[in-house]
Amino acid sequence: MVELTRRATFSASHYYWNDEWSTEENEKVFGRCANRNGHGHNYTLEVTVAGTPDPITGFVVDLKWLKDVIEREVLSAYDHRHLNLEVPEFKTAIPTTENIAIAAWRRLEPSLAEAGAARLRRVRVYETPEIFAEYRGEA
Amino acid sequence: MVELTRRATFSASHYYWNDEWSTEENEKVFGRCANRNGHGHNYTLEVTVAGTPDPITGFVVDLKWLKDVIEREVLSAYDHRHLNLEVPEFKTAIPTTENIAIAAWRRLEPSLAEAGAARLRRVRVYETPEIFAEYRGEA
Amino acid sequence: MVELTRRATFSASHYYWNDEWSTEENEKVFGRCANRNGHGHNYTLEVTVAGTPDPITGFVVDLKWLKDVIEREVLSAYDHRHLNLEVPEFKTAIPTTENIAIAAWRRLEPSLAEAGAARLRRVRVYETPEIFAEYRGEA
Amino acid sequence: MVELTRRATFSASHYYWNDEWSTEENEKVFGRCANRNGHGHNYTLEVTVAGTPDPITGFVVDLKWLKDVIEREVLSAYDHRHLNLEVPEFKTAIPTTENIAIAAWRRLEPSLAEAGAARLRRVRVYETPEIFAEYRGEA
Amino acid sequence: MVELTRRATFSASHYYWNDEWSTEENEKVFGRCANRNGHGHNYTLEVTVAGTPDPITGFVVDLKWLKDVIEREVLSAYDHRHLNLEVPEFKTAIPTTENIAIAAWRRLEPSLAEAGAARLRRVRVYETPEIFAEYRGEA
Amino acid sequence: MVELTRRATFSASHYYWNDEWSTEENEKVFGRCANRNGHGHNYTLEVTVAGTPDPITGFVVDLKWLKDVIEREVLSAYDHRHLNLEVPEFKTAIPTTENIAIAAWRRLEPSLAEAGAARLRRVRVYETPEIFAEYRGEA
């Protein structure tokens, strides 16, 4: 059993805002992140799959295939986008680093469930080099 | 003569758009950066001053003072902001990495001109770890 | 269940020395780290908490609150300090990376035990980019 | 129980090739990695051991000893080498990142099994900053 | 006048060898780099162009165009290649970091000479994060 | 003409203190750096030499030789040392990043003056990833 990880990056805008709260309450809880004009980050996404290396190829999964899955399922929807305004799952959930990690897991998991013996193990999202969230599909 | 550099970071949104062009022309020239919802980056700003270390303190400038200047002159205006919508100089100039480097220089230079024997030498702005622009105040 | 991590840095001095040993024995075991004048490092501290994102805020914990806890419980005691001479827990335990990770856990755990549904999951300490220790509160 | 990690780096060449396949099949599966002239990487190896810090020294293991083990067991065989042509285990297994992680584990484990209360916990190998594999000795 | 830099990476093999010397002499001068099986690196290439930002676009050069030039002129020839065996300029010059920087400059300069007001200012090549060479086209 | 750079690291303690000032004045000017117990950093030293690559070897200088010079002239004196207490030049000059850059230049320059056609071009010292000083031997 080996875990294989591939990193990718995307640049996106977001803000933190709860429509049911007043402006004052939003600013109190979310601080500068409540700015409705949005601000942004260079996010780093780490996708980890686990499995036994194929005895012929030595691959847990083909990294070119994994890159294409990440591109198709996550980056095409998130990169150079405003997460609140353009990504369906963030119309209801605030795009915190925690929620982005969960959402990226849900986007990736169906494709990886078809990847033979390998399975999705972990998704880590860095909002900055100082802040990251990790989700393993557990309730 | 020693050059002393301090790094700072800020997170901001921007887009590339020329009001005098059609949507098609903007998308042709600016690609995904023409998305009017904006996208964002973790920018890194490197500010370099040059001077002779003070014989008593060993300082070209006091780094705490330099940090405060960067915070007051640049970060308070750019961090967690939408550059096109909230920063005066980017209402007329597109906030490319090149233009941000020039704008940060212009914001910093007056304070540093008062810093005794030291002077502003160079401003470098990283939009991502792969792309950066550097300005030295030269025409 | 999501793990959320925040990094912080501190600069400190330390040395490795066992009072019950001779100078020769200390130098044999600890090498250059036995220099009683001390040497130092830029340490990086990674604090990981685990919990379910709040359905309203999307937060496992408020990262501003976590930053303040790290500052108050660890950085105010360790940063710009000589660990052996100024930090109580290192008067009896040698400030190796392993022991710093354990000590930081013990400093952080009480505050995090009060953080609602989230709990402290992991403390990682980098002495240099090449050496790090990780503690999860397990015996 | 603390996990202690040390990083090391090595530079090596490799290629991906299955002798039982045609050139076309190798190129289809392995792409540019099938170039028989070889290409190379700066690999980063992270070796993690787990144990209880010694109450006298504060060490899980002596990091100087661990550095010597890594040098003797792995780097002396892999660094500045062509993995396919010069390393015995890669005459039968393709030197993918996954297989290098497993092979490094097998090279390190016997020496670490003699390291008192500490034991080898994890080997992580970065082929590039974007791709890494991790092995924990599990089937 | 602003300098704009774009980074790219490539993975390649090389060795250091002078055909006019004996094996002993090669090994004495080049050490482990004289291994004829080759070893390899993840190289980082930084290409810097200088010019005045276009008043309409804010670009010194279009970074997408620059990326394509780097891909076409350098990466297509160097990436996943054995530099000594597959790259014409390294059949006569040893592919040291110094010579790679000069060679990349010569490959890039003609395309950049056609880039309007901008011109190639500097090429920097990292063999590892610890070693890099920089060339500015000067004799 | 090519510039070739090699990085090295050292860990050291220091403090900022002027004996002719009162404690209050030292603390006012130097803040937490005035702590006489010392604090420390992982310093990164970048040494840049300039010259024409030798037509036979492709070397501006032999990097193994340069590594040995840096080790002998700088690291053996600074690494795992308290700069104020153990390094002669910092008994009179405060070991700020600026002064360390100048001092490292002076230590390196005589050896490099003997390095044939190459000469010392630049010394850069990082105190942290956020702060660095650069000296080029100019008054």
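In this document, chain identifiers A, B, C, D, E and F correspond to the written order of the chains, with residue numbering beginning at 1 in each.
The definition used in the following text is that contacts are C-beta pairs under 8 Å (C-beta built on N, C-alpha and C of every residue); 3 or more make two chains touch, one makes a residue touch a chain.
What you see is a predicted model; the values in this text were computed from it and never measured.
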Intersection of contact partners for chain B and chain C: A, F
Both-way neighbours, i.e. chains that touch chain B and touch chain A: none
B-F or D-E, whichever has more C-beta pairs in contact: D-E
Size of the rotation, in steps of 5 degrees, that lays the CA trace of chain A over chain F: 180
Interface residue overlap between copies chain A and chain C, same or different (over half shared): different
Relative to chain B, chain with the most remote C-alpha centre: D
Option reproducing the contacts of C-D, where over half of them reappear, out of A-B, A-C or D-E: A-C
Taking each chain's C-alpha mean as its centre, the one farthest from chain A: F
Mean-CA-position distance for chain E and chain B (Å): 28
Distance between the centres, which are taken as Cα means, of chain E and chain C, whole angstrom: 42
Multi-partner residues of chain A (at least 2 other chains): 129
Interchain contacts (touch definition) - all pairs: A-B, A-C, A-D, B-E, B-F, C-D, C-F, D-E, E-F
Residue ranges of chain A in contact with chain C within the complex: 16, 18, 29-31, 93-99, 101-102, 129-136, 138-139
Chain A to chain B touching residues, read off their complex: 9, 11-14, 32-33, 35, 37-42, 79-82, 85-86, 128-129
Residues on chain B engaged by chain F in the complex (per definition of touch): 1-8, 53, 56-60, 62-64
